[in-house]
């Protein structure tokens, strides 16, 4: 039960702060949300700056080109960059947090040499081809087929909820290589070049009105067998390593940001008179306790991961269940603060309120997460 | 699916409801709905058809060219409009049908702005031939009404969260020609008709969730066979039916407390049902192409009109100690 | 959509009010909660007064000795007696609302003549032997066995949650007569005399500290075959008639009472200063809307039953789900009004708070009710 | 079942927790618990054993005969006490161990009354050798402390909702011998230790619900295979673990805001988990013989002590705009 940082960690924080203070003012203006090439360039440039400063792949192992930092240092990095208003990981997300760590853990020496350095330098952007329209929460029910033809797989199918597909160079793709096997046993993991013939990207508009995601249609796309990471039909296991990375630290920056938004809500409410509404005021007070606890839980989860060698445990589901809900409550409270102003779609909080609706759905619905907690942590019997 | 409770409608009321549903299914089907999402300009021809069908003249006496029915019937019709997500200043045109010429027949479209609290919002500003302002007064309980030509109204445009309901924000309350209106009664009727739309939306999202849960398969079975999904749907129905009892009763009694309670429960039912409907739909519900978000956004909008939850709860609380 | 009462109904209400005003002041003092013989005598005397005044078995058909009143008249009766503070149905509950109607609907002429008049006059008290410790919500899993021995059944097993067992003359008992049949198909309905050898009653203390219920142990109790109502192994169907009666009107008086309690909470809060707490005040306001709507739903349900010939529909589950929850919220609000005073077990609201905890469990948990609504009303597929 | 998060306890902390659990399992098993329900008089022998095990002297310096540990260790021990439903003025004796002679060893039992707001409650009045009153002051943030002999305290008996915690209500605040205490700190520690007990109770009711759900069969399967039951249990665990992060962190920082938030979340976790545990148990949980109600009632009681939700929320809200 230790909340203090080591001297080394405090040094790390101090150097990072200093560097951020130096470089952030010189950043170019942020591109528009709809300017995909501009966003790619912006995010890649930021990644290059991190690379040059020695912060790229902070949590990656050294032999993968990373900095071999401890999870706590990674937490400090995420906390400080969020606090300083640094750019988000953006287009580099999948490369740095999913595909890269998977290749680092499961790829051959050749594969690591081919794909990891460009991710760290911001030279190549990855996207994720896991979800499918007909599979939904039952990810392993994916139907995109890869048929072996000599040294290549011929891939056909459709993927959905793919971010940055428009500008990605590579796609980490889950395909079914053995249709006869039980659903978790016939899946393989491929690195697919996004410029291959037969790949079609169609932007997908969400209820927030934005096109953060895309559908990717695959029509007899030829992918070399050498692009497969891990053994054939072992892709599910390979992927789960990736997913647990995602759950571990994906929300660190967001929790910091939520606490900042909460403060802004309170100050706005005091300015517009709604602070006099005790129901709203007390709701904000309760959310303050909630996010403080979520922040502590994040710290503990990370510190536990440190003890267990870097693989986050099932505690991620506990965190995600509560955080998804708290984030939705936060933006409902924002709507209360805004009153009829919450009908203004141009307000940033309104856009964030809309996107918060996906939190109890994406990356495993709350219903699925509750099953995981009940069955894997509490040991309740399988069932429906 | 039929609701568990049919509330003993008369045969005429049933026929009215069925006729309205049929009219809307024919003239405002899903293609038209999605076309309105892309271009929310109102369809004048449809508006005139609504007028011809008695949608606005419903409560006017027969000798004045109306249908001679009452608030309960108007609530049934507005429930259908809420189900279908029919856009337009429907409440304004219904409560002002006997007041502004041409509104009853659907020839003219009139807007209604609630001046009781800022921001002063105006729905479908580009479509309105006139704007009526119901002025505030303390608690919005008294005050007068004024009519203005749209070009005399100063307002700032606003990006409406509901793609089906363009909004403008009045920068000043225009007090044009005074109108001899019973403003408290008008507010009460507007609140009740808004609640009826919320009820229709809440009931419709139950159907949408149930339909999806029956058809969508995951893990080899329809998702509706999972208890978690079942229970979401069951609670949605409970919310809709509780709101229905409150709305129908308030339409009959027209009492302030009943209307206030009905609006409170119907707002909650519409918003929470839309959110649960989204949850049942999963990722598919999160897309622009799905209709779920249209129900949610309109429900949010209606919840801000003609009495919000905090006011309603305070009013009902005060009545407990009267 | 009609909320007005007919002239006949208003007449009925006026006469009832007049009668209540006349007789209630002359009632003896209420016996203590633990004085079971006293409570039986008190409840039976009240039933006799109703009988003499022509109100006994109001909703029973005339040919069963009832008044053949409409459901709306029954609703008016329940509303007015509650408003006037008349005694609850108490020990006569099972006879009047479960066993009696079942016998009226399914019994032979002889059975009706034997059992119905004493119920109406308050001469005989019934209790209910349905629930079993090992069956719980899965009522049809009951295991109490009845083995045919000539003209009698020999019954062994255990029942639980039986009210008034200590003072009842008869028990409407569900027993398994065909252990080989599917669980709903091997059940029979018996009228068991409570003074039969082999019947043992043990009071069951609830978490509220009271002994409103009992366990009933049956050790080779001999029940004449002539005491079976309905065909052998048809008891499940016979019982369902009874249960739907229970759901239809059981809560009418309670909803009226809850609205009265809500007013008392508000007045107490204003007196003790907690009315200044906007969160509490607005919570009470919301509950006011909630109970008003529940009252309307009750009216509509009853009026629908009138249209459909007296059998309440599945809407009872909708009502029960919301009402159980609202009642628990009401008494949680009462605890807020009382503050630390809610730690005083002697306060009536605290006792009612404790007993409110059973509402989401008894007569089908909220989980079971949600299944019923989802499967029977919404038509969702069976599953878990 | 082990919780998903072990919060990086040190080996010594783990040993302390295990030792406490073992002590309580041996000296306060279920038979003793139920005996206490029937007769809530405190067991002096057990109290002395607790004293000998360092339960009260935990945070006193070693040179003063204490164990020399801190609030985090006390929180771990109190979490175990909450799990076991150990009765008695535990918080009072822990925070006053260095102040009143004989308390550290368990020889004397001392009560502590919060004078900040009425009613002034006194737990286990018959068992206490002395009563300390922490006086109010505005918001209960300042004020002094006074010691009184029990026979000098005027109070009215009260039927406690918690069968394990007899209560009396002081009719007047006795201001006996003044004590040189840091009252704000004492309140903070009392709140934190109470929250730790709530956490223990919340975690225990998860285990009880899970145990029942695994064993109890309905409809031919364990009830824990139904999603509705699973999800109740999952949400219980989430509540307990969120409360755990808050309580452990507050024990380390000792900041007012952290302690306030921890109490708020732990109160909610204990009360709601007990209720959900009851729901999972169904009718069997509704009996006096089941232990569920003992957790619920104690959770209600603790939620009323050392800061209630409304105060906590206001305090946390105020800090947002500071």
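Letters A, B, C and D name the chains as they come in the text, with residue numbers starting at 1 for each one.
To be clear about the criterion, a residue touches a chain if its C-beta (ideal position, glycine included) is under 8 Å from a C-beta of that chain, and two chains touch if they have at least 3 such contacts.
Every value quoted in this text rests on a predicted model; they were computed, and no experiment measured them.
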| item | value |
| --- | --- |
| Recurring contact interface, reference A-B, options B-C, C-D or A-D [over half identical by residue number] | C-D |
| Winner on C-beta contact pairs when C-D is weighed against B-C | B-C |
| For subunit A paired with subunit D, centre-to-centre distance based on mean C-alpha positions, whole Å | 39 |
| Mean-CA-position distance for subunit C and subunit A (Å) | 54 |
| For subunit C, residues contacting two or more additional chains | 277-279, 282, 367, 370, 383-384 |
| Residues of subunit D touching at least two other chains | 221, 225-229, 231, 310 |
| Subunit B partner contacts - residues on subunit C that touch it in the complex | 1-3, 262-263, 265-267, 270, 275, 278, 281-286, 288-290, 292-294, 296-297, 300-301, 303-304, 307, 313-315, 317-318, 321-322, 367, 369-371, 373-375, 377-384 |
| Interfacial residue positions of subunit A with respect to subunit C in the complex | 277-279, 282, 383-384 |
| Complex contact set, residues of subunit A against subunit B | 131, 133, 135-138, 141, 160-161, 204-207, 209, 277, 279, 335, 339-346, 350, 354, 357-358, 360-362, 365-367, 370, 384 |
| In the complex, subunit D residues that touch subunit A | 1, 3-10, 13, 72, 76, 206, 210, 213-214, 221-222, 224-227, 229-231, 233-235, 237-238, 241-243, 245-246, 248-249, 251-253, 257-258, 260-262, 264-265, 310, 312-321 |
| In the complex, subunit D residues that touch subunit C | 117-119, 121, 158-163, 167, 216, 218-219, 221, 225-229, 275, 278-279, 282-290, 292-293, 296, 300-301, 304, 308, 310 |
